[in-house]
Every structure is written in structure tokens, then in C-alpha cells.
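Naming follows writing order (A, B, C and D), and every chain is counted from residue 1.
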Amino acid sequence: MNIPVLQIERFLIVSVQGELKDNDVTALQQNLLERLRRTEAAGVLIDLTAVEVVDSYMGRLLRDTAAMIRLMGVPTVVVGLRPAVAVTLVELGLDLPGIHTDLNLERGLTWLRTQMR
Amino acid sequence: MAENANALVGDTASLSINIQGRDEMVIVTARGAARELSRELGFGIVDQTRVATAISEIIRNVVQYASEGEVQFRVIEENGQPGLEMVVVDQGPGIADVERVLRGGYSTGNGFGRGISGARTLMDDFELQSEVGRGTRVWMRKWLR
Amino acid sequence: MAENANALVGDTASLSINIQGRDEMVIVTARGAARELSRELGFGIVDQTRVATAISEIIRNVVQYASEGEVQFRVIEENGQPGLEMVVVDQGPGIADVERVLRGGYSTGNGFGRGISGARTLMDDFELQSEVGRGTRVWMRKWLR
Amino acid sequence: MNIPVLQIERFLIVSVQGELKDNDVTALQQNLLERLRRTEAAGVLIDLTAVEVVDSYMGRLLRDTAAMIRLMGVPTVVVGLRPAVAVTLVELGLDLPGIHTDLNLERGLTWLRTQMR
């Protein structure tokens, strides 16, 4: 599963399409690192619309990725989390601490714009 | 409801689905099977997701710690209430401290240690048996409300 | 592409998923497994649906004519191109006139007689072997374009 | 799988949620027969939005149901057929002969209204 990184305005869009794995996430992080430097992007949006199940392993990988982005000083927003996925994440005892979530792409982008100085 | 259950239960056919491949291929295959079966059984979207997530946790452990295993799906009925039973068995290394794993937060890998305890919360009935050097058996049920 | 295929192929884990229940429960379980696996492999929605429909046709025949059987899913690779292989085997009554069934429009049940010929059209590679009194074996492949 | 029959205006709505079986369809046909007589409904809409796969067996059951409704002298419209399902139906060598199809519920109802004398 190669995770594509798109760009809209000054924001990077990560669209998760399938199962995440440790090495996917390592590749993604390197890709993001480079792109953030090169494009001076002002924020990252992670789109989970296509994701029907997030188990604790995938939850950890998402959290790690968001944490890395935060360390680079840019805001992250997660959008498209399905209601049923949100419910199971809470029941699993996981949450995405300190990660802003929003309903959809548009609203996520709007939020990122407000974060720009 | 009893009538409805009658329509769902019954062993008229049996199929063995074998999948060999990378861990994530095996996990998604089992998850797709569980989700579609629970959907057909009439589970709502949240319960479908709970079942799919629980099987995902348990199968991920199987592929990670034992590398091969077996799942049994069965449509069940108790007092007129239909449900889904899933039994996952492996002949892997087994778990030394089952109590600790059930409490959650304990991981020998680099996980959250929330797989087994999480699956237990997501399902209605849950039992974990394990013996070091022999293997692990997880029994789970979810009832249709 | 070769690099991508390498990432998909490989036998690192294996799982046997057993399902017993009414015909439609068995069919949807196999279909869910096939759909989710082909989705993970990167098939688009139309190819996912083709694969799910083809397995549906073949498994429906198994539960209807043989009542039990076995499916093998395998992620394959040829000349750098990844694909999905599905082999379905039963020990049922077998098919007397394989040629006629492959042409389509022939049914001993009350179907359209389009199950096998349809599945053949939906997949890229298709082979049907059958022996009366011994059973039936269907081998199918779909390549990721 | 019990197939619910709803009513909107003078139309009966059949919403297929899962796998069809011979006896489901027999039950559905009896249900429709009764409801059509009792309510003097002016049309039937079959909603396939929730259906991700239609194989040749299910195709036959759908065709039979539509044929029965037609025999009762009321128009049928099938809505919500997914594009991928439409493609596979054609490739399977099936079609739904003489059945009007429309994109969604609203458009299906609009069409049924034009069929009323």
C-alpha cells in the first residue's frame, strides 16, 4: 500500500486507502518530511474516508504519523473518520490525543487555513 | 424473533477459505469475511465495524506471533436470539500471562497492548485460552440486538 | 511495477477460514473475503465487483450442487504484474458436459445458466475441470492493470 | 433476509438490503400482491443502493419479481444500481429487460408519477 501525498494550496493531503503497515508509515514519514521542507507546506490533512476499520495497530501508526508531523511544527487535521470507526476507537481505549479531527476535506482545509500565521 | 433466527441458523453448507500471503492480505481477507457475514446477519454498521475490528486484532496477533492459524465462523442462536460466533486458534508460542494481557496495556511487540482487551470490549462474549509452547484460542460472540 | 508487486507477493502468513451455515451465509462470507482482498491489492471498484461476482457464482454452485468445498486465495505475480488467483474445489457430483456449461445458457437448476460462463467473462484467466462422481475444480485469475 | 416494503405517496418501495433467496422473493411477491390490492398502489420502486453484488442468481430473482409486478399492471422502476454492478450484469450476459432504471429514489418517484394515469 503506497500512500499518496497530494498538494492543495499550501497543504499536503495524505489519503489512506488500505491497511497501514510499519514500513508504509516509515516511507510516508520520509516522503512528508521531504515535501514539507521542499514546499514549505503549512499543514497536513490525513483523509480516512476510505478506511472502514482502524484497529489498535493502525491506530498506533496514525498517532505516530501525526506526532511526527507535529514535531515538525505544522498542524495536522484528520478528516473522514467514519462514525462507526470513531465509536470503536473509543471502545478500544484509543483516542487520537491532540489531533484535530473534522468532518470532511473542505472543513479540514478551512481549519488549516485558520491555523496559518 | 425465534422465527427469524430459524431462518438464519442451520448448517446446510460449509466452506473452507484458505489464504496465504503477506500479513495484511491475510488480515483484510478475514476482516472482509467477518464484515460481510455480520452485515448479512443483519448487524448495523457500528456492530459490523466492532466485529471487523475485533477479528482484525485477533488475526493480527495470529499472523504476528504464530504466522498461521484457523478461524471458525458460525451463525448461532440462543433463546431465539441470533448471533455470530468466531473462534480463532493457532499453534504459536502461546501467552504466559493471560491475566495481564486481558487487562490491557501490556505488549511484547511495539503495539498499544490494546488488541486483546479491546476485542474483548467490542464483543459481547470473549474467552482467551493459551498455553506456552502449545498455542492460543480465542472464542468470541456478538449478539444481534 | 515489479517493485510494487514484490511488496504484494510473499507467503508470510496463512489462515484457514471455515464457515458453516445456510447457503447465503457461506456465499457472502467468501464474497466479502474476495472483495476485501482485491481492494487491498489495489483493484478498482469495477474489478473488485467482477471478482466478488465471479466468486459468488462459483461458490453458489458449490453450496448448491456439492454443499461443501474449499477456496484458495493467492496473491500472484507474473512479469512484474500482480494478480489474484482463486481456486475453488469440491467433491460433489461433477459436471457431465463441461463444454456446454462453458458456452452458457445451460442449467439443470432453475438458474439462467450464466454462472460459469459469466464468471469466465468477468475474470482474465479461467479453467474448469470436472469429473462426474469425483468433483469440480475452478481456477481463476484476475490481473491488476 | 426479510425484505421490507415501505410506502411513499401511492408507491410501494422495496429496499433490498442483502442476499436474495428464492423464498425471500416468494414472500416478497405475496406481500406485494396483498399490498398492491389493499392500497391500490400506482407503482413499485425497487431500491438496490445497498446491494454491492448482483450475480446471475440474484439477477434472475430480480427479473422474476419485476415480471410479476408488471403482470399486475403496475409500473416498476429499479433505482440505485451501482455503476460497477451495471457493468458486471452486462458482462454476465444479463440485463433487466423491460425494467425502467433510474439513478436514485427521487428520480425514480418522479418517473413513477409520470406513469400515473
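Here, a contact is a pair of C-beta atoms (placed from the backbone, for glycine too) under 8 Å apart; a residue touches a chain by one contact, two chains touch by 3 or more.
Keep in mind the model is a prediction, meaning the values are calculated, not measured.
Rounded to a whole number, the gap between the C-alpha centres of chain B and chain D is 36 angstrom. With centres set at the average Cα position, the gap from chain A to chain D is 41 Å.
With centres defined as mean CA coordinates, chain D is found 28 Å away from chain C.
If you average the Cα atoms of chain B and of chain C, the two centres end up 24 Å apart.
For chain A, the set of residues that touch two or more other chains comprises 1, 18-19. The multi-chain contact residues of chain B, meaning those touching 2 or more other chains, are 23-24, 28, 31, 35, 39-40. The touch graph of the protein chains shown belongs to none of the named shapes. Across the whole structure, chains are in contact as follows: A-B, A-C, B-C, B-D, C-D. By the touch rule above, chain D contacts chain C in their complex via residues 1, 18-19, 21, 52-57, 59-60, 82-85, 87-88, 91-94. Residues of chain A that touch chain C in their complex: 1-2, 18-19. Residues 23-24, 27-28, 31, 35, 45-46, 48-50, 52-53, 56-57, 60, 104, 110-112, 114-115, 117-118, 121-122 of chain B touch chain A in their complex. Only residues 8-26, 28-37, 39-41, 59, 62-63, 67-75 of chain C touch chain B when the two sit together in their complex. Across the interface of their complex, chain D is touched by residues 4, 39-40, 42 of chain B.
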